[in-house]
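Consider the two complexes below, in which subunit A is the common component and subunit B and subunit C are the respective partners.
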Partner chain A sequence: MHGVKRRQWSRELLKQKRIEDEKKIKQYRSLVDTVLNLKETQIYTKDSLKLSKEVLQWNPEFNTVWNFRRDIIENVKGQLDVTFWEDELNFTMAELKKFPKVYWIWNHRVWVLKNHIDSSLKIWQRELIIVNKLLDMDARNFHGWHYRRRIIKVIEDRTGKSNDHEELELTTQKINKNISNFSAWHQRVQLITRMNDTDEFENRKEFITNEIDYITNAMFTDAEDQSVWFYMEWFLEYEMVSKVLNHNEYTTILNKFQSNILIINEDDKEFSGKENPWCLKMLIIIEKLQTNLGIEIKDGKSKEWIAKLIEADPLRKNRYLYLLHEEK
Partner chain B sequence: MLSPERRPSMAERRPSIFAHALTPLVVPHLAGIEDPLPATTPEKVDVLIAGSGMVESVLAAALAWQGSTVLHIDKNDYYGDTAATLTVDQIKRWVNEINDGKIPYYENAKLYVSTEIGNGKYNSRDFGIDISPKILFTKSDLLSILVKSRVHQYLEFQSLSNFHTYENDSFEKLTNTKQEIFVDQKLPLMTKRNLMKFIKFVLNWEEQPEIWKPFAEKSIAEFLIEKFKLERAQVFELIFSIGLCYNIETKVPEALQRIRRYLTSFDVYGPFPVLYSKYGGPGELSQGFCRSAAVGGATYKLNETLVSYNATTKEAVFADGSKVSVMEKVIMSPTQVNQNSKNVPEQPYQIHRLTCIVEKDCKEWFSEGESAAMVVFPPGSLKSGNKQVVQAFILGAGSECCPSGTSIWYMSTTEQGVRAEMDLDAALEAMELSILRESSTDLENDNDIVQFGMNGQTVVNSVRLGQSFKEYVPREKVHFLCKLYYTQYTSTPPFGVVDPSLFEKNVVSDKFIPGASDNGVLYTSMPSAEISYDEVVTAAKVLYEKIVGSDDDFFDVDFEDDDDTQAGPADNSNYENAIDDEDEDDDMGMGKNESTEFVGEMEI
Partner chain C sequence: MPMEFLKEKHIEYIKSLDAKQGDLEYWLSEHLRLNGVYWGLTALCILDAKDTFKKEDIVNFVLSCWVKSTGGFSPFPRHDAHLLTTLSGIQILSIYNSLDALTEEQIEKCVEFIKKNQLEDGSFQGDRFGEVDTRFIYTALSSLSILGRLTPEIVDPAVDYILKCYNFDGGFGLSPGSESHAAQAFTCLGALAVVGKVNKLSKSQIDKIGWWLCERQLPEGGLNGRPSKLPDVCYSWWVLSSLAIINKLNWIDYKKLRHFILSSQDTKRGGISDRPDNEVDVFHTLFGITGLSLMGFENLNPIDPVYCMPCEVTSKFKKYPY
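This part shows the complex of A and B:
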């Protein structure tokens, strides 16, 4: 969870907490023993269902018990009505609120939705609204994004209609809210790749032009954010871009990026006396792309930039030395 | 005696947002409002406080919870003193008293009230006018104390996100968040970069002396232009709207501190930097602290004037002839003094205020769903050639301080002398003209002015708006229901950074003046020109330390029901709810956000 403070425990409080914890641990252990025993002996009853829930409320990381719970449900399915399935959804939601980054809870929730007595399109659409809300709370929880893709997939399969355009717009909104939302940038990559593959862009060239403006804007807004640089690298190297644009257009765009990055790096140098490693790395990549295009570069600067990188980013010195070696 | 002319108090209103709370909230009664005044005063108290303004009330609550016995009096028949929220009729009386010399440190009060209030459309009690209006930064010492003391539970807060800078005859809305900078299509790329660079820097400027130290003695404007290459428009926004500085000469460290205050407050409770309290500002807050003090055991008495205090016998004598022994200290607001008070600190600084009630809802200036805005007139932006900033705080009907269709404009300046009134008049004229233009109906069809942004949102081009209306002569006029002008004096200079020494030196004189009725009395500070509450806690702590010896246990309140953690899986109070799907209430029911202080041990 982002932005959550750690709590400071005083020695006194800690001692008190230990005593209380000990009690809880004892209680927990005996409960776990009972449930694992039920699992061993394959007792699939509503009682087992209740006990497994108790264990999971203590410890949602206990995947064995989640599995056991699903086995029980499969076995007593006949006795379960809509209320049970809705309660199960509420239960997983309550757990997710407490533990938004536990895989097993997300996993169980999807299973519940799929096996829900009324597993209609409606409940999946409702689920989409819920996950949107979750992402509003924490737009950088990759579990949320991953889960969202799973929901969208089911909805798309059932309606036979692609949601990609809406999804792309959503990533724009999330990135606008926070440029550092790596999950949203990542989702953008996934979507663009798929939309290109399935021929969903009305006008690829127009899309590319807008995207380049968007990246440029992002780079000027925050030149220290790695998500922007990673995305830029992916986009410039992405085959769709070099295929849709003709040689001249592509070269012009590379040159434009090069000069903008140089401006940013110069500005950083003037302000703080330091080079911006992201700029240097990207300059090297662009020069490589230019070479690959067969453009003759008269005075290649890559070596110089690598040398500067070694100085600006000494932690990765050996990596740069290796690159320098490659250059020869 | 219950005051007949006043607005409903918080206990009488019983805010509806708490109706569904798990434990029903009890707003404690306060003597003189909901309860009769005590027939007798105690014979012996630890501390006697005269005046129920912000600082005195916070101090009373802090002392009461620390265990001191407190007698808190006010010579008025209402709570609040220098922080009061008054009805129009109460304002009439207040103005008369100022002009009769009965309320020291206020002067030159002028009042116009339309006949529509009282005899016509509106009642005097429909309005709650703050005599020193304030806004609350969401990351501030007062806010944490409001939460810690639970006084926030008596109050209702609303957000304020619209800060405008008056430039080129129009109100520019601030571009201050990373998101706004990123999506703003008017800003040149390099400006975006420079602005972002500055915002990142200012968040922890103290750790980067290499950047600001060379400019430490220079003005913030020079620093922003030379070091960050920012343009005039951004520089003015940063200094005057975000930093709320008073003039262009503000020094670098002071200004950085003030700019950071805004930025770190942004997004604490949502996309806005400040809150204000419904039903009245400091009047409500001070009353809330008085209630808290009463729960903590303090005794309250209105209509009570301290006539004299003898530091040797420790005896305090009141106007009604009653007496009390004060074991520790007597604290007094400069407004509560009597004829023989000779130790009141000098109050050399003027604050000029112009408060207007207008018959316009002014929603054009507010963000959607909000009911307040700040407008700042930077130096040189007004016809009067102002050298100091004029700050305007606008409250709409949603604040419950005025009826629907009206709003209150609070304008103030730190300019001294006759110029001040000219500046305020010029600001009023500018606001008048501006609201007439912006609420004019033939605007929406003008394609040049209304554009659509990247995500389809409407962007009003204020620059064009300013230009196209340069020649605009309004057909209608703003209808004023009330205009109030006055000058207040204070010992606190318009400050950059809240510094205890600002208050320290004002508190007490060690001199013993023969014949003085106030030898040994500690004085509180009159409210300064500061539009936020930022001085209050510091000022109260200085006094607290003088009385208790240290400020270690200042509001070290331990409520009994705080630590009832039960064992069992259903107990999730140990964890901060990472995802909370309760709908955000516009009214900022901060009760449910109490866990800002209490955060789970587990980092998820």
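This part shows the complex of A and C:
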């Protein structure tokens, strides 16, 4: 079980648990039996609604009961007022706080929003604020990020307006809070790609220049974390960057990254006596980009860096041997 | 203390699972029962102890999970069918060479159930409520493959959709635009492999996938599912099977991973947990064991990285395109 500490059950403890469980099992099984009977006989009433909720409070992963609950709602929709829909949202939120990784709850919540009696945009905009709070609690919850993208999609479809600028700002905030938040870096890539594709940048060059400063800053802040490096690699290889910058500008940028990374690696060596594997990996990539640009490299160092990686990062030795082979 | 693989204890542990009806947890996990039987049975096969379960009982249980109204399998009698459990049902019957326990009509309905859940864009929803996830493409294609019922009409759009889930970092997400996650690498690469389309990925993509996957290994030896996350035994499967599919299995350190898996064993009662000193479960027990099998340790029976079933079973599958 994910993240549950192992317990050593003594005979005494186990006996006690069995006694306690016996009563609960009876209660739970009889409740489940009642609800499944209602489901099989298609009794869609407010009473069924109440009982299905009870089962889900015992067991939020019981997807069949979530299904039954939606079928009931569909059938008694006419009798349900706004209070019901708001209660349903509160119910799923209470469950999500306890079980933030249960897919069924997230899906039920989207379904509730889509069927909410108040079909105004307001409901979805409020949801965005709520998902912000959830991401504050766990900034890496990929259910939360996925959910956020779904909400944004609905809002954008309804308003016909892109939220990309605001969303990009959100990723900046999240990254500033924690530079290792790869979920935010990932989202940044999605947004920039889309903003470029749909021509949303007022000034691409200015954006690129700022972004380079941003990455450089991040690199110096935490050179151990792979998030920044994955992002840097993507950015340097991204076609918008190599297209908007002219040959000279692009070459200068690559050189600058190269020298900064060398500085970081030297600092690390001085501090810990070891090479920084991520610096070495990125140096190899930059040299490849330089070669692809047709820049003549007098004394290519990639092989040397790969050899150092075999020492500095032995877990992935076989990948480096492969790269060495590819270098030929 | 020398680290040993506790084969007999794991067999005992899996055997004990059905005797836990006095625990509330047993009843609270009904919705995972059919998957659980598949996890346990597959682990037993890899441990060369297939006979630990009584075939007849298991086959009957699987048949009792078939849902007449929809044609798919549910996790437990009276529950609803879902693609996730439909694959488990088919896998169990296939391991027992008992697909013929289903009537022609049942198989037809089951194939219909799977096909009906494919959406316009090639993706699959898990059931009629519309949740879309690459996990369901995998379960759908794998199920149809085992039944020998793949067609280009199903496969081609599904493949297109999977390729859209490939990310800049070399990983795959649960839908286009979603963050890379190691479990999704398996479902996407596994689905491509099931239909013989891994070659839709370019060499540079494959190299990058291999890179992202091998970066999942942490200094303590275990693998994580995303950058900056804790290691977890189940990723021994999701990551290793993916590496195996792209022929880069040895891009991680076997010895260290083995050590991590073995230190997650419950030395008293058997079973494997997500990480050392956590509560064991049959899911992590299976994926610890299959990870060890892929690396060739402990004299285990070979596991097929594409189907997560014993090679002995999958070697008989008809390969698509037929």
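Please note the rule applied: the second predicted complex is superposed on the first by the 301 of 328 C-alpha atoms of A that agree within 3 Å, B and C clash if a C-alpha of one lies under 4 Å from a C-alpha of the other, contacts with A are read in each partner's own complex, and residues count from 1 in each chain.
We take it that a residue touches a chain if its C-beta (ideal position, glycine included) is under 8 Å from a C-beta of that chain, and two chains touch if they have at least 3 such contacts.
Not measured: the values here are computed from a predicted model.
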Touching partner for A:R140 - first (subunit B), second (subunit C), both, neither: second
Touched partner set for A:K24, first subunit B, second subunit C, both or neither: both
Set of subunit A residues, in rising order, touched by both subunit B and subunit C: 1, 4-7, 24, 58
Residue ranges of subunit A touching subunit C (in the complex, touch as defined): 1-8, 17-18, 21-22, 24-25, 28-29, 32, 36, 40, 58-59, 61-64, 67, 70, 103, 107, 111, 140, 142, 145-146, 149, 180, 182-183, 186-187, 189-190, 225-227, 230, 234, 314-319, 322
Parts of subunit B lying in touch with subunit A, wherever the complex brings them together: 178-179, 181-183, 189-190, 192-193, 196-197, 200, 211, 227, 454-455, 565, 567-570, 572, 575-581, 598-601, 603-604
Interfacial residue positions of subunit C with respect to subunit A in the complex: 22-24, 27-28, 30-32, 74, 78-80, 82, 127, 129, 131, 133, 167-169, 174-175, 177-181, 210-211, 214-215, 217, 219, 226-229, 232, 248, 250-253, 256, 266, 268, 273-274, 277-281
For the subunit A and subunit B complex, residues of the former touching the latter: 1, 4-7, 9, 20, 23-24, 27, 54, 57-58, 96-101, 130, 133-134, 137-138, 172-173, 176-179, 216-218, 220-224, 260, 263-264, 267, 271-272
